[in-house]
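The chains carry the letters A, B and C, assigned in the order they are written, with residues numbered from 1 in each.
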Amino acid sequence: MKKTVAEIAAFVGGEVQGNPGLELQSLANLKNAGPADLAFADEKFYAEVPASRAGCILLERNPFPDRTVIVVRAPKLAMARAATLFVEPDTSGPAIHPTAVIEPGAVIGRGTRVGAGCYIGRGVRIGNDTQLYPRVVVYAGAEIGNRVTVHAGAVIGADGFGFVWDGERYVKFPQLGGVIIEDDVEIGANTCIDRGSLGATIIRRGAKLDNLVQIGHNVEVGEHAVIAAQTGVAGSSIIGARSLIGGQVGIADHVTVDAGSILGAQAGVPSGKHIRGGGLLWGTPARPIKELLAQQAALARLPRFLKELRKKTPSSSENEKGS
Amino acid sequence: MKKTVAEIAAFVGGEVQGNPGLELQSLANLKNAGPADLAFADEKFYAEVPASRAGCILLERNPFPDRTVIVVRAPKLAMARAATLFVEPDTSGPAIHPTAVIEPGAVIGRGTRVGAGCYIGRGVRIGNDTQLYPRVVVYAGAEIGNRVTVHAGAVIGADGFGFVWDGERYVKFPQLGGVIIEDDVEIGANTCIDRGSLGATIIRRGAKLDNLVQIGHNVEVGEHAVIAAQTGVAGSSIIGARSLIGGQVGIADHVTVDAGSILGAQAGVPSGKHIRGGGLLWGTPARPIKELLAQQAALARLPRFLKELRKKTPSSSENEKGS
Amino acid sequence: MKKTVAEIAAFVGGEVQGNPGLELQSLANLKNAGPADLAFADEKFYAEVPASRAGCILLERNPFPDRTVIVVRAPKLAMARAATLFVEPDTSGPAIHPTAVIEPGAVIGRGTRVGAGCYIGRGVRIGNDTQLYPRVVVYAGAEIGNRVTVHAGAVIGADGFGFVWDGERYVKFPQLGGVIIEDDVEIGANTCIDRGSLGATIIRRGAKLDNLVQIGHNVEVGEHAVIAAQTGVAGSSIIGARSLIGGQVGIADHVTVDAGSILGAQAGVPSGKHIRGGGLLWGTPARPIKELLAQQAALARLPRFLKELRKKTPSSSENEKGS
C-alpha cells in the first residue's frame, strides 16, 4: 500500500517538513532504506541521517532542512504505528488451515486464524482476531483471549511438573488446573505455558513473552509484563504488571516480583523471595545492580589484594595454609 | 466420578473423621475448593483450613473437630493417589490419531496413544500404555518403554552435536547411536533428547524431565532422577539415580553426578567433574550451598571492607592504583 | 555397505597395519565395537585398545602390533570421514513428505528433503540437498541455502521481539525483515531463529547451532561459528566467524564477538559489549578465564580471611556491624 508523507504524518500525529506529497511504499532502517521507504532515527543516530537514502525520516527534532522528515514526539513509537499503514495482515488462505486439528467442544472466535498443523484440544476457547502460527499445541480446556498472537511450536496447557515420592517411585501430583491467556498477549516460538496444578496459570492482558520461555503451573504473569527469551518461571510465582524480565532469567517457585520490577539477563531469584519494584536487579541471587557492580569491582581487586597482604603479613599467610 | 469420603480413605489408607458418606466429585486446592471437592493441607497451611469450603481435607493430624477430614501419614502423597479415583484418562478418539505419521517398521504397543501430528520414525519401538501428546517427533530407531508420557513438541533421537574441524570446515562426527527411554519416564514439552553418537543415550526407569530440557548424546539419566525445566546435560555425562536437578542447570560433558545429588537452579558443573552426592550444591562452578552462601555473604561485605581499609592504609591504596 | 580396511585407509589417507582385506560393516566406539566395526582411539584412550573387540582401529601411531589398525594423522577426523562410507542417507519415501505444507510461491531445490508435517511459508526459498526433519516451521520469505540440515521442531523466521510502550500498552515494532541461512549450516531441534526487524538475520556458511538455541532479530552468526545448546543471542549482535560458544551462554543485544572467540558455558555478555578474540572467556559478565579463576579462588578464601581479621581487629568488626 502506498501512502503519502502527509497521510503518515496525520496518522502518527507529526508535522511534515519537506515534501508532503511524496509517496512511500514500505519501512526500512536508516542504513538500508531507499527513496520509497520510511525510516526513523533516535537522536543518537542523527549522524547516520545524511548518508541515508530514506524517502522520509521520523525525527523528534529536525536539524536536516534539506530532507523530507516528519517531526514527532516519539519517533520509534511513530514508526511502530506507521507500520500498520503499510503491512496488511496476511489473510490469504482459510482462517482455519485444513491440516489443523480441532477437537470436539473447542470454540474459535471470528477473525481468528489457526495455522497449519495446530492442535486445539477439547473444550479450548479462543477469542476473536487471534493468530496461532503453525504447529501450536493447545491442550484441552485452555482459554485464549482476543487479539492474541502465538508463534509456531508454542505449547499451551501441558501438565505442570509435580511429583510426590512414595518411598519407591514418584507419584504424579494432579495437574488438572486451567491456563488462561488474556487479550493482547504475544507468545514466542516454542514457548511452553503449563496448566495449573489445581488452580490456574494466568497470563494477563498485554503481556509479551519471547521464544523458548517456560512458565510453570499456577504462575501469574501480570498485565503488560515483558519476558525475554529462554527465561523460566517456576510454580506459583507471580510476575507483577509491567515488569521487564531479561533473557535466561530463572525465577524459582513461590516468588513474588512486584509490579514494575526489572530483572537483568541471567538473573536468578531463589524460591519464595519477594522482589520489590523500582530499580534494576541482576545476578544470582538477584540484587540491586549497584550492589552487584560494587561487589564485582571489589572481587576483581581481591586476588591482588590478598597476594599483597600475604607478602606483608607472613603469619596471616600461615593461617591460610592451616585452613 | 463420585466417590465417598470412606472410599477415598480406604484407597489412600487413612482414617475418616466426620462424615464418611459425603460424596466428592473432584480435587481442588484449599483456597478454591467447594463442598464437593477433596483438598489437602500440610501443617504450615493449617491456618487456611478454617476458611476453606472443601468438603473433605487430607491432613496428617486433625485439630479441626467440626470438619470432615481424612487423617493420613502423607497428605500430599494421598492427594496424588486420590486423584486417580476422580480423573479418568481421556481415551476418546482413536489410540493412534489419523494425522500421526508412523513410518514402516515402527512398533507401537497396546494401550499406547499417539497424538495428532506425531512422527514416529522407522524402526521405532514403543511399549504399552505410553502416551505421546501431539506433535512429538521420534527419530528412527529410538526405543520407548511402557507407561511413558511424552508431552507436546518433544524431540527424541535427533542427532547429537559433534563436529571435527578439518582445517577448513566442520565435518560431522557420526551420530548413529540409539536412544532408550525406559518405563515410567515423563518427558516435558519441547524437550530434546539426542541419540547417542556411537553408543546410546539412556533415560532410566522413572526419571522425570520437565519442559525445554536438553539431553546430549550418550548421556545417562539415572532411575527416578528429576530434572527441572530448561536444564541442559552435555555429551556423555551421567546423572545418578534419584538426583534432583533444578531448573536452568548446566551440566557440561563427561560429568558424573552421584546418585542422590541435589543441584540448585542455575548451577553449573564444568566438563569432567564428579559431583558427590549427599547435600545441595549451587552456583557455577557448583559447590556446597554452605560454602557458596558464606562466599556470597563475604562478598557482600567486601566493597565496604576494601573502602575502610583504603582509608586506614593509604600505602595499600597506592599499591592498588599501581596494579 | 561393507568396506575393506584397505578401502577405508585409502579414503581417509591412512596406512594399514595388519589385515587390509578385512571387511567392516559399521562404526562403533572402542568399548562396544565388534569384529566387523571400525573404531578410533585418541592417545589418552590407548589403554582401552587391548580390551576392544573392534575389527580395525584408527590411530595416530601404532603400539599394538597384533591388531589391524589404520595409522592416520587425525583419527577422530578420519572416523568422521569414514562414516560416510558406511551410512547412506535415508532417501526412502518421497522427497517432500505428503503431510508437509508448502505455501504458494515457495521454491524448493533438487535433492532437498522436507519431512513430515513441515510448514514452508509463502515465498520461502530453499536450496539443493538440504534436509528438513519433521515439523520444522519456516515462516514466509525466509531463505535457506544448500546442504543445510534443520532438525525437528526448529522455527525459522518467527517475529523478533520488539515492542514500544505508548503510555498504556505495548505497540509492536515492525518485524518485517528477512532471515538468511547460508550453505552447510546445521540447526538443532526446537531451535528458534527470528526474522530481522527491518534488516535481516543471517546465519553464515558452515555455522553449527545445537538444540533449543535462540537467535534474535538482526543477529549475524559468522562462518563456521559453533553455538551449543540453549544459548541465546539477543537482537543485532554479531558472532564472529569460527567462534565457539558454549551451552546456556547469554549474549545480550548489540554485542560484537570477534572472530575466533571462545565463550564458556553459561557465560553472559552484557548489552553493547565487544568481546575480543583469542582466549577463553567465562562467567557473567564474561571475562578471561584466568581472571575468573583467580577471583573464584580468592573468593573461596574470603570468608575465613574476614573471620580471622575480625578476631585480630575488633574495631574493624565494629565498623562492620555499623554498616
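We take it that contacts are C-beta pairs under 8 Å (C-beta built on N, C-alpha and C of every residue); 3 or more make two chains touch, one makes a residue touch a chain.
Every value quoted in this text rests on a predicted model; they were computed, and no experiment measured them.
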Chain copies touching (chain A, chain C) - same or different residues, decided at half shared: different
For chain B placed onto chain C, the superposition rotation in degrees, Cα atoms, nearest 5: 120
Geometric centre distance via CA averages, chain C-chain A, whole Å: 25
Residue numbers of chain C (touch at least two other chains): 99, 117, 135, 153, 190, 212, 230, 248, 266, 299, 302, 305
Residues on chain C engaged by chain A in the complex (per definition of touch): 99, 101, 103, 117, 119, 122, 135, 137, 139-140, 153, 155, 158-159, 161, 163-166, 169-174, 176, 190, 192, 194, 197-199, 212, 214, 216, 230, 232, 234, 248, 250, 252, 266, 268, 270, 284-285, 291, 294-295, 297-299, 301-302, 304-305, 308
Chain C-facing residues of chain A, complex: 26-29, 31-32, 74, 76-77, 79-81, 83, 87, 90, 92-93, 97, 99, 115-117, 133-135, 149, 151-153, 184, 186, 188-190, 206, 208, 210-212, 224, 226, 228-230, 246-248, 265-266, 283, 296, 299-300, 302-303, 305-306, 316, 319-320, 323
